[in-house]
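The structures come next, written out as structure tokens.
Next come two complexes, and both contain chain A; in the first it sits with chain B, in the second with chain C.
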Partner chain A sequence: MSALIDIRDISVGFVGRDGRTREVLRNIDLAVAPGECVGLVGESGSGKSTLALAAMGYLKRGLRLLNGSAAFNGIDMFAQSRQELERIRGGQLALIPQNSGQSLTPTLRVGAQLGEALRLHSALPANRHAAKVVELLGHVRLPDPESIVQRFPHELSGGQQQRVAIAMALAGEPEALLLDEPTTGLDVTTQAHILELLRDIAAERGMAMVYVSHDLGAIARVCTRVVVMYAGEIVLEGSTRHVLRSPTHPYAQGLLASIPKLDDTTLPIALDGRPPAPGDAGAGCAFADRCALVQDRCRSTRPQLVPSEFGGTARCFFAKEAGRQQGRTIGAAPVRFSSGDTMLDLDGLSISYARPRLLEQLLGRGTDVPPTVDDISISIGKGETLGLVGESGSGKSTILKTIAGLLPPAGGTVTAGNQSLPHAVEQREPGQLRQIQLIFQNPDDSLNPRHTVADILEQPLKLYFGLTGDELRSRSAEILERVRLGAHYLDRLPSQLSGGEKQRVAIARAFAAGPEIVLCDEVTSALDVSVQAAVLDLLNELKETQGTTYIFVSHDLAVVRALSDRVAVLYQGRLCEIGQTDQVFEGKSHPYTKVLLGAVLEPDPDAAPTLAADDIVERAPPARGCPFQRRCPRRLGEICDTDTPPWQSPEAGHFIRCHILLEDLNADRPH
Partner chain B sequence: MTEIAATPAENTRLQRTLGVLRDVTARPSGAIGLTLVAFHVILAIISPWIVPYDYKAMDSLSMLNGPSGAHWLGTDHLGRDVLTRVLLGGREALLVTGIATPVAVIWGGLLGIFFGLVGGRLDEVLMRVVDAFLSLPWILKMLVLIVTFGTGIEVLIPTLAFFYGIPVIRIARAATHDVVARDFVSAARARGHGRITVIRRELLPNVLDTLMVEGAMRWSWMLLAFSSLSFLGFGVSPPTPDWGLMIADARGFMSFAPWGVLGPVIALSSLIIGINLTADALAKALGIDRAQKAPV
Partner chain C sequence: MLMRRLFLGAITVWIVSVIIFAGVEVLPGDACTAFLEREAQGKLLENCREAQGLNRSAAERYFDWASGAVRGDFGVSANGQKSISELVGNRLRNSLLLAFCALAIGVPLAIFLGVVTGLRRDKPVDLVFSTTAVFAMTIPEFVSATVLILVFSVWLGWLPGIVLTSAGAPVPEFFPEILLPVIVLGMVMTAHILRMVRSSVIEVMAGDYVQMAVLKGVPYWRIVFRHALPNALLPAINVVALTIAWLLGGVVVIEVVFNYPGLGRMMIDAISDRDLPVVQAIALIVATVYVGVNLTADIMTMVLNPRLRTHALRGS
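The block that comes next holds the complex of A and B.
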């Protein structure tokens, strides 16, 4: 059987400011057979998206083809006319981009957009388009497709938008689908649903797929073959089972080890260093600087891709040695010490974004919209790490903002140490401000692009300790060392740092205040996995040396498990469950916790997610009863809609808020 | 990746400024634009000492003469040397707009930042007032003021500065909204910095880039407005040479003495093109996409 997508010896590069040509892809061969699902993995900047787009004969602006060819169905995509390319792209070869909310036209109804795709890429007569649109929407398992046709993209949730994008791609009956991080940014439950859908569609239609992702868990679910990329070249290629279970390239091993796993109670192992910039890979192996097995030979000669005896092909001189040293490393154990003293106490916290309407103001009534976050009472011990989990919109970040004083609550109290904190940040004492520090999700947004690292670190030092002059600078340098960045970083601007380095600076800024409580808002979700592992390591180390109390917000349950002492599960701004990490992950659990746990993807070819509840996104919490009533797979009946469920405690310190009796809770536990 | 050696923080800022300047001059548009602008500014300063004739000197024997060895750009309807008047004709325009532009950018910028920070209902109401104001033709608004208060620099500068500050409000407000929503502002607030510190340290540096580009754009629009006012007889009063006025004077003889119009037209348009090219290059060097913004 001949290859459907046949990329041969392709090199792609750009001309830098210095006039040198820098290669983004280096001599890549990739063949995808009809019906085959190939995963492209690698860290950001590895060239995986560039390669997938090159398969369509498309290069991003500034990039040019230096060598090689990309053929689809025997047609050389780089030699085609514009018209010819337009016919193939979106027709036989379709692309599903990462953020499909942005790729759908905001002013066109879903039906019109799908109709256009059909008009351009389908042989169907025009009078049958309307019926076909509904059929396609049903095919991607959108509930009530007839009504979706009439909606605008912004009226759909992220997962629904992604389904519409998939339906559009299917309109031309493609032979191959290119997927560029199609589930990144979606909630875990939504992601699991979309992946199952893609799996089923590919199997039903015999479509080939090229699946680009940084997430090995997603790749494990949909792909039969995996290609690992590093610094613009393929370093390992093999069956999913081979790459995930017994990879023969040190980079792939490092990448796997850096992924936190749900059943792992230790921290993932960081992969130190960073990949070379395009054009800086040197004469030898691009991974040499970060490799544990490196020899002199690796630095001078570029290894070739050779089949190894363990299966798969690896670009490594020491694939055999790499293959033998499987699974030897164990990550550091998370630091756990809790003195029992309460550090932070949230009591009956409720937060509302809704403002009373004019009429309600006139009548002197409050708003009757249920508050976004309600009835949050959590007490966190000194030196403890509390993980706060839930899907987007569950109010995790909102709670952190309220603790930091950025968003005054509608009711309840925040007590730090034994002082009750004023609600608004402006009313807090300097000591109270210093005590609580917040680290944001995206360092690109939380570091002022116009401030140097020194400026950034000096702000808390000046504000809280009144340092000046040389002392200020030497203290800043000291803090930088603590986050494992040298003093030479002081005069750089954020744009001159990598993503991981930026987040370290943001962490350094928080710790410069000498805080007792650090609030981490999805601090690793904008980072590559290997960098994420290093940041988790750093947070763990700082906890050990500083005895800090953390609230760690994340949508990634495996990350939460690796770091937290206790876990609180939130749904629609209400607590569902709280307990010791092991109790929540292994003991009896709330139906919602079970749904979340079931949807987690593992980098394991045999792991399959359990899809219990629908992936509908709720926009507002219900006024009465259990917050999870509308999606709960184990709904008891009317009692769930009317009565607030009681707290039940299966073990000391473990609380579940559900109407289901404790002994029945785990009746259908999948594990 | 850029390698930067360890240097004090002030140098980094200087380096950035120099870097932006280098970037501007490295672009063809920036190089041409800056050259044109510099040429005009220098000429405006030194022209009184280099002009061949007295700009007022009339010569009834050589009226509307074509270009010659004695009068390179010919003479106008009063026998005055066109070259002399073209060389001097930009001084008034550059002086007035050179003062009015920074004033417009500063007051419009400050008010825009204020609106952006206040937000909410007040901001909405005030912005609708600004919109209503912008929807009136500019020449009408300006003529009302000039007719009321008279012509002359002391009226023209505040008038231009006032009217051209209004669109700056919009731009500054939008830029402020963008920056205020970003996490580094929340971070500074959460740390407990005062309002003024947050504005000065976090907000201003990020809004200033936009304002600089906006200022350059306003400058070229203002030059056009000033020349138009002169053309209509509301700007500079004769016999002071001014491009707008010269075009107005010479347009009656355009069919047989086109040099009277051509000189000032080329001078004025080269200056405006120069400013626009520079603004363009500056926007690109600062990473502000001006292409998407409609000229107000």
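The block that comes next holds the complex of A and C.
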């Protein structure tokens, strides 16, 4: 027996309201050898996190072990006493959680939390703990570890918190690490840095890792073997290369096709339908309802995991057929048209969150903090889609709020059509309000949970078009149809919808107003990839039929590439580069754009990110010079700190704001 | 940040003092007409006004009153011609004594029970104490007070049912008379704080960082004391502060039922006697206590909650 983690025939479930036991994990076998790195992939609800936590003998509140065992080093974790579990957890077997910001105790200093891990799991004498804490923090590449020790978790950035969590997991010198979506929610640059760190640590210490993620790009970078989960069972297992290049399960193929890729200018292909709820999978294959290769047999008999001749093990009767039809189908081309008339014009927009302090207010002085967003001048044509990209804190969402009138700017103007818009939403006329609609990132927060879908859609129809009675209802049904939801959804509450359906309702609400401009704020980042593809498809289709102008904010460059005509790159609330999508992605680029592009993780076993700049989070833009001066890998010298860089234009419509001469921009870093 | 809060607190007290003064000012009549009643005419009224200094302008009198109040001198009462500071001083001490006893018993008990019921959610212990707490909160104080008097002093004869000690008596003389009012107040207060602590403990124990601590192998009691409680008890500070303010100024009913010589009863007596200088003095003291206690609670929360602390430091 050589497996370090050995999970056998495990089933986990909960008792539903109807008294029936519903299985979240169904008869899963998973073995991880010492030093091996296995990826667990699947959409939300597939049971991947539950499986990883079960390896520690831990089940979330309400879940029960129905069958099977989870052994670590030959010890059955579900049969151990509390003391024994306390010894192993955080010691030989450690967890790195998804959201470190919430997983670190807010009232304890970083040093105290790491010290606790050492006290519990390290053989070191107590007087050497303080030094070891600093050493661990340095090991996870945190700058100035001595000062981090004294900080509280909330005083660190998301990336730094994640590093602290990694250091904490390493404190017990584990033989195996469980990683539960460790980079989800982090910026691309930070994510790339954390993944490289994890790779290096695993290689150097020979640790086994179980890496749980919905992101095949991250998995591709870290894992040698991938397990694809669907509705609580394993559907495909194989080497990373096999799963990413020639998967033999239709679900894995669909999942891959739904991921937008940086070098691909077509839209990703959506995977229709949704997985069965726990306990509803029926007798046959759980994927049968969404599968293109489905036959009668699939609905009556549950397929077993069988090794296929193409490599890997697939739970599919038609793995051979699936394996043969390799080669990607091409996604829909994004609609690209622009009439040349200006639809939205931002002129010299600057926005400041800093409020003058009490003393300054009393003395009638303004604040001298540089504005959060400054000097934004962009004009967007009718029917054009502008992608806004940048790391968190770059001011992307702030700009959308100001266009929508939710956050008055400190200076500059917003012109829609040919009317200059009042700054505050209360001063705008109904017609101006109708013209601009905003779709938020998380539909759970933006839809009122007590309103039915009909209530939600009728609001704009009543407000802007004065519709009543039957007309109101039939118009709402028509709009729902347009976002590919049937009229039977009208009387449902948001809690009765899936994440993707909720976001469709949010989109339908925006389009119910018949807007000319739709502002999309990270509209797909809370969704699963397959659902994301469907939403992108929908937005593209609406653009074609309605001729809508979009501003599309996202931190995901591949998504932006798939949908945008033009792209603007923001850093610290200042424009660095703007141009046609192809020009920005393929032509000469600003050093910051390069950093962003280099950090993107592709679901490709051979791709490696380039980490050109540190992933430091800056709290405020510099008062003078180039906003990127402190992190720029190609800093020229003092001129970057003192002078605002000039706009340079390598091609018509493409502008880069940098001191570096155009011909040198794409040259490698000078040595 | 701290300076700003202190400054705003002082402004609040100042505004309250202006409102109190103005409120008494617009009432028909003044301290002398109230005190002299039917004899309030001619020479007698003149003399009284002369003695009380009521012939001067309102602004002058406000300034005198306010500057006196700052020094702790509220002038003399209208009827007894006694120093208000002395009268109110005794009553304030009695109210503080009552509040202190109730808090000393109630707060530790409430926190202990809140933590226990929170950790043993939906278990028998939780059900028993949570239900009792709801009863203690909903039954009016005068009802529970009367029932307790009936049981412990009338039937069992264990404790005196009413306070007969005079307002100025030394502290030890209030025992054991003070015990019943302390129990009644303690019950209501414990119930409020218990429920707050319970829900806060439940929320924190279900949180991500507690799960993380479990999976880090931290022993259960260490999780409770080091990871969960420091976070769960932060919201309790503000509830305790409100309770203190309530105990010092708002327990009129209890003071009347038990004949306890505290601030609340003095206020009621002064109002029925139309002793306006005393009413003003008590109103101002109670307002100051409210502001002071809440300010202290805010500052404590800020000191104990690292998140607010950094915010405060950055703001200043």
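Quick notes on this structure:
Here is the rule we use: the second predicted complex is superposed on the first by the 662 of 671 C-alpha atoms of A that agree within 3 Å, B and C clash if a C-alpha of one lies under 4 Å from a C-alpha of the other, contacts with A are read in each partner's own complex, and residues count from 1 in each chain.
Rule of thumb we're sticking to: a residue touches a chain if its C-beta (ideal position, glycine included) is under 8 Å from a C-beta of that chain, and two chains touch if they have at least 3 such contacts.
Keep in mind that this is a model prediction, so the values were computed, not measured.
With the C-alpha superposition on chain A as described, chain C and chain B clash in the combined arrangement.
Of the two partner chains placed by superposition, only chain B is touched by A:277; chain C is not.
In the superposition on chain A, contact of A:459 is made with chain B only, not with chain C. Once the two complexes are overlaid on the shared chain, A:99 sits against chain C while remaining clear of chain B. When both complexes are overlaid on chain A, the residue A:490 reaches chain B alone and has no touch with chain C. Of the two partner chains placed around the shared chain by superposition, chain C is the only one that A:61 touches, whereas chain B remains out of contact.
When the shared chain is aligned, chain B comes close enough to touch A:442, but chain C does not. In the three-chain superposition, chain B clashes with chain C only at 135-143, the remaining stretches of 99-107, 135-143 or 279-287 being clear. Taken together, the chain B residues at the contact with chain A in this complex read 1-2, 4-9, 11-13, 16, 182-184, 186-193, 201-202, 205-206. Residues of chain A touching chain C in their complex: 53, 56, 58, 61, 82, 85-91, 94-95, 97, 99, 102-109, 116-117, 120-121, 152, 154-155, 168, 172, 357-358. On the chain A side of its complex with chain B, the touching residues are 277, 401, 404-406, 425, 428, 430, 433, 437-438, 440-442, 445-452, 454-455, 459-460, 463, 487-488, 490-493, 496, 509, 513. Taken in their complex, chain C has these residues touching chain A: 4, 206-209, 211-220, 226-227, 230-231, 304-307, 310, 315.
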